[in-house]
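Dropping the structure in here first, questions after.
For clarity, chains are labelled A, B and C in written order, and residue numbers in each chain start from 1.
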Amino acid sequence: MSARLANHTPGRKIFSSRLAALVVWTITIIWTVPTLGLLVTSFKTDKDILGQPWWSSLLHPHFTLENYAKVFLGNDTQSLNSGVLPYFINSIVITLPATIFPIVIATMAAYALAWIRFRGSEFLFFSIFALQVVPLQMSLVPLLLLFTGGAHIGSVTIFPALGIAGDFAGIWLPHTMFALPLAIYLLHNFIASLPRDLMEAAHVDGANHFKVFRMIVLPLAIPGIAALSIFQFLWVWNDLLIALTFASGTEEVAPINSKLASLVGQYGSGYTQLSAGAFITIAVPLIVFFSLQRYFVRGLLAGSVKS
Amino acid sequence: MSDFITTTIPKFTSVFSAIFVFFAVLAILFAIAGRVNGKKARPIALTLFLGPALILLLAGLIIPAVRTIAFSFMNPDSNGWVGLANYTWMLHDPNVKVIMINTTLWIIVVPLFTAALALLLAVMLDRIKHESIPKSLLFMPMAISFVGASIIFKFVYEYRREGEVQIGLLSAIVEFFGSTPQNWMLSKPLNTFLLMIIYIWTQMGFGMVILSAAIKAVPADIVEASALDGAGGWRLFRNITFPMVKSTFIVVLATGVVGALKVFDIVRTMTGGNFGTNVLANEMYSQVFVQFNQGKGSALAVVLFLLVTPILVYNIRTLRKERTIS
Amino acid sequence: MKSFVWYSPKQFKENGYTVPKTWDEMTALADKMAGNDQIAFCGGLGSGGATGWPGTDWVEQMVLREYGSKVYADWVSHKVKFSDPKIKAAMQKVADWMQNPKWVGDVKAIATTSFQDAGAGIPEGKCMMLQQASFYGNILADNGATISPTGDAFAFYLPATNDNVTVPVVGGGEFTAAFSSRREVKAVQAYLASATFATSRVQLDNWLSANSGVPLSAYKNPVDKLAATYLANPKSTFAFDASDLMPAAVGAGAEWVEFTAWFGEGKSIADVTKAIDAAWPAD
């Protein structure tokens, strides 16, 4: 906009862009300093953390990697399981399927809603869209009961007890379920906007829905799928509620974010290891975010801005 | 070392086998169903494409939501009916009153402040060089979990008793300006607003990015025409830019309300819901998973749902309008 | 084992303090510390979603010390209410101790300090004593303190407040629960309750047993050994952690919330006890 306005009102442009730069950069600094503080703190020695603020440590640098070693590997030199490392692995183990499953299932559903004509398709689409705002809290308890006890009407079992509570599958499944409404909605927007001629031409050539889906829709929807995958990845990695509810907090299945929450909570060891633990936890999403930001933004825009 | 390997390898085998089985089953079903021709082809394709999603939505969201409504009329163990007791409890309990006031504050202050700041930044960003650097830095907290964000802000809000070195940024700033730092998490009602800042810090970037895109989508000729007419900064914004991005602004507001209603990680990590900072979603978690009262917890979840219903209705109406236009 | 006070033997030696054996000796020592501009007691209730639990420990210590097992048991079963004058008096005793600004400095800060950080200053003498359970040694050791009777940190027994209750001890613990009465299950249970199991488990460290058949030499860790002498003492008046026995709505709910408000917001004992009694489940 500034370039366009420049021809007509050069004076105002210079003024407003300087003011704008000042405002933007001031807020950016305010926004970034807290994270910087955590980063610096995480390299300080135990005693330093409580004895000296992090900004004065910048003037008298005395940094160490000890916190990271301690948090990652734990105190027991015999076992690698005493630190956060197993939880870090759990996070990867949870996040991969919990990202792949809902995206695949949602892409299929979005295709059906957009390109297979059937009665009630409109109603179904609205219902799924509406489910987006149903708070997770509404489903937690019954879903947990479903996993442990199944569902019965009288003595008839309509849903078997899956026995997967406290198992990785018991975390993948809720993540998949809860991700579907938003994923279907966003992918539907994306897939429905593919050119109609292309689809019709393929059908005329004798391709069935499965072929169209594989040969045309999937390749063309890749940008949307990629964007949504990043979004879902961040969501799952950063989730606490599902992790607390469905992964009992043990090193067998609990993700690092819930471990981090417990470091602050009842069984933790206070501030000293918290900063390094927090930075390990946020490092992965930050790397994903900065390297794939372009696609991520595109995904958000696909669902929120109508042009 | 060896125990780590013996516990880690099975984890990865389970991941890769799960993913493999998932795709193998899909491939086989696709191959078989792809051979069906004629009248049955469409219903089979429909079932296969839509079936998995519908079953998961039914089992994961719809049936549980209905059961939660039922549980809200039952006792703590969900094996006997108690009528409206869990709802009347909410009306009479003084702690719930605080929770309701706080939740209301959250859903008013957070979305308005987030959206306003996001809009301001989106407009300003449009007028500066190298906008991508501040944009990514402002957007970055979005990638950080609420727990991580809370820990970051624990180091900002940290308070040491008077006379000791203040290691918290906020306390140090207050001290620098010659005032006495307080025990921030105890100062009612300031503490609730300090918690809101954490949420705004993580979510503002989202609003900023989509508003910024919306501003860039405003047609150049309209802007130019009104600039020729002599419209200056504020008038240009009020008469041209804002009306054009209004619908996006409302999307940001609505997302903010839904998000603020569900917030629980921040309150749990920062204060545990103490000192008058408790909110609905955190109390719901405590009731069900700490105090084992499914009745009260479910009733709180139902209230949460009722509070988002207006947004639900609004969203559906907008979507319908959009669909009839396009 | 929860009836411990953590202190720094090194700091005590430097200042010429001795470990108190009675309640009066402890308060006299605290006054002396206050006179030397030292903070006698540190405390922290902060524990994320479980904030407040250390406060329940303090009240439990006092109820048991003042009135013994019978009242303690009646309190757990709500025959004696929180608003009972006895419980209120015990809480007042806690207030005189842990809410005494002369001894603890900033009372309200106790509510926002995490229990882990509360004792972090003990080795350096930033505060001198902290009432916490035996496991607290692990936290101090994590921060680099040596735990021994002459080291950076160690524990002494929280003295009785009067002679009517002998060696009062509050503790938490594990239960063995059987979901079947098959013979092999019972055999396992019997084994788990035996001195043989207890001894071998104790030797793995970080575990305490009240089983009198466990030799003290089995304990590697000096704090656990000290704790075990109190647990195995036949004269001990032992009480299980009350908040763990009360209904969750109280023991993991109202009690945490209200005790936190008691410290952090200066809520009165009358209001705190009234609110907890109101939260007690009806049936």
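Note that in this section contacts are C-beta pairs under 8 Å (C-beta built on N, C-alpha and C of every residue); 3 or more make two chains touch, one makes a residue touch a chain.
Everything numeric here is computed off the predicted structure, so don't read it as measured data.
Trainee: Determine the shape of the graph in which chains are vertices and touching pairs are edges (line, ring, star, complete, other).
Mentor: Its topology is that of a complete graph.
Trainee: Give me the two chains with the most inter-chain contact pairs.
Mentor: Ranked by contacting C-beta pairs, first place goes to A-B.
Trainee: Could you pull out the chain whose C-alpha mean position is farthest off from that of chain A?
Mentor: Farthest chain from chain A, going by C-alpha centroids: C.
Trainee: Whole-Å distance, chain A centre to chain C centre, using C-alpha means?
Mentor: Using C-alpha averages as centres, the distance is 41 Å.
Trainee: For chain A and chain B, let me know how many angstrom lie between their CA-based centres, rounded off.
Mentor: Going by mean C-alpha positions, chain A sits 12 Å from chain B.
Trainee: Going by the touch rule set out above, which residues of chain A reach two or more other chains?
Mentor: 50, 261, 264-265
Trainee: Can you pull out the residues of chain B that are in contact with at least two other chains?
Mentor: Residues 268-269, 285 of chain B touch two or more partner chains.
Trainee: Going by the touch rule set out above, which residues of chain C reach two or more other chains?
Mentor: Counting only residues that touch two or more other chains, chain C contributes 47-50.
Trainee: Which chain B residues qualify as touching chain C in the complex?
Mentor: Touch list, chain B to chain C: 76, 94-95, 159, 161-162, 183, 185-186, 188, 268-269, 271-276, 285-286, 290-293.
Trainee: Within the complex, which stretch of chain B touches chain A?
Mentor: Listed in rising order, the residues of chain B that touch chain A are 1, 3-4, 7-8, 11-12, 14-15, 18-19, 22, 26, 30, 33-34, 37, 41-42, 45-46, 48-50, 52-54, 56-57, 59-65, 67-68, 71, 117, 120-121, 123-129, 131, 133-134, 136-148, 150-156, 165-169, 172, 201, 204, 206, 209-210, 213-218, 220, 223-224, 227-228, 232-233, 247-248, 251, 258, 261-262, 264-265, 268-269, 281, 284-285, 288-289, 294, 297-298, 300-302, 304-305, 308, 311-312, 315-316, 319-320, 322.
Trainee: What residues on chain A touch chain C, complex-wise?
Mentor: That would be residues 46, 50, 75, 261-262, 264-266, 268-273 of chain A.
Trainee: Which residues of chain A touch chain B in their complex?
Mentor: On the chain A side, the touching residues are 1-2, 4-5, 8-9, 12-13, 16-17, 19-21, 23-25, 27-28, 31-35, 37-38, 41, 49-55, 78-81, 85-86, 89-90, 92-93, 96-97, 100-101, 104-106, 108-109, 111-113, 116, 118, 124, 126, 128-143, 145-146, 151, 159, 168-169, 172-174, 176-178, 180-181, 184, 208-211, 213-214, 234, 237-241, 244-245, 251-252, 257, 260-261, 264-265, 274-275, 278, 281-282, 285-286, 288-290, 293, 297, 300-301, 304-307.
Trainee: Could you pull out which chain C residues touch chain B in their complex?
Mentor: Counting only chain C, the residues touching chain B are 46-52, 105-106, 108-109, 111-112, 248-249, 252-253, 256-257, 260-261, 264-265, 275, 281.
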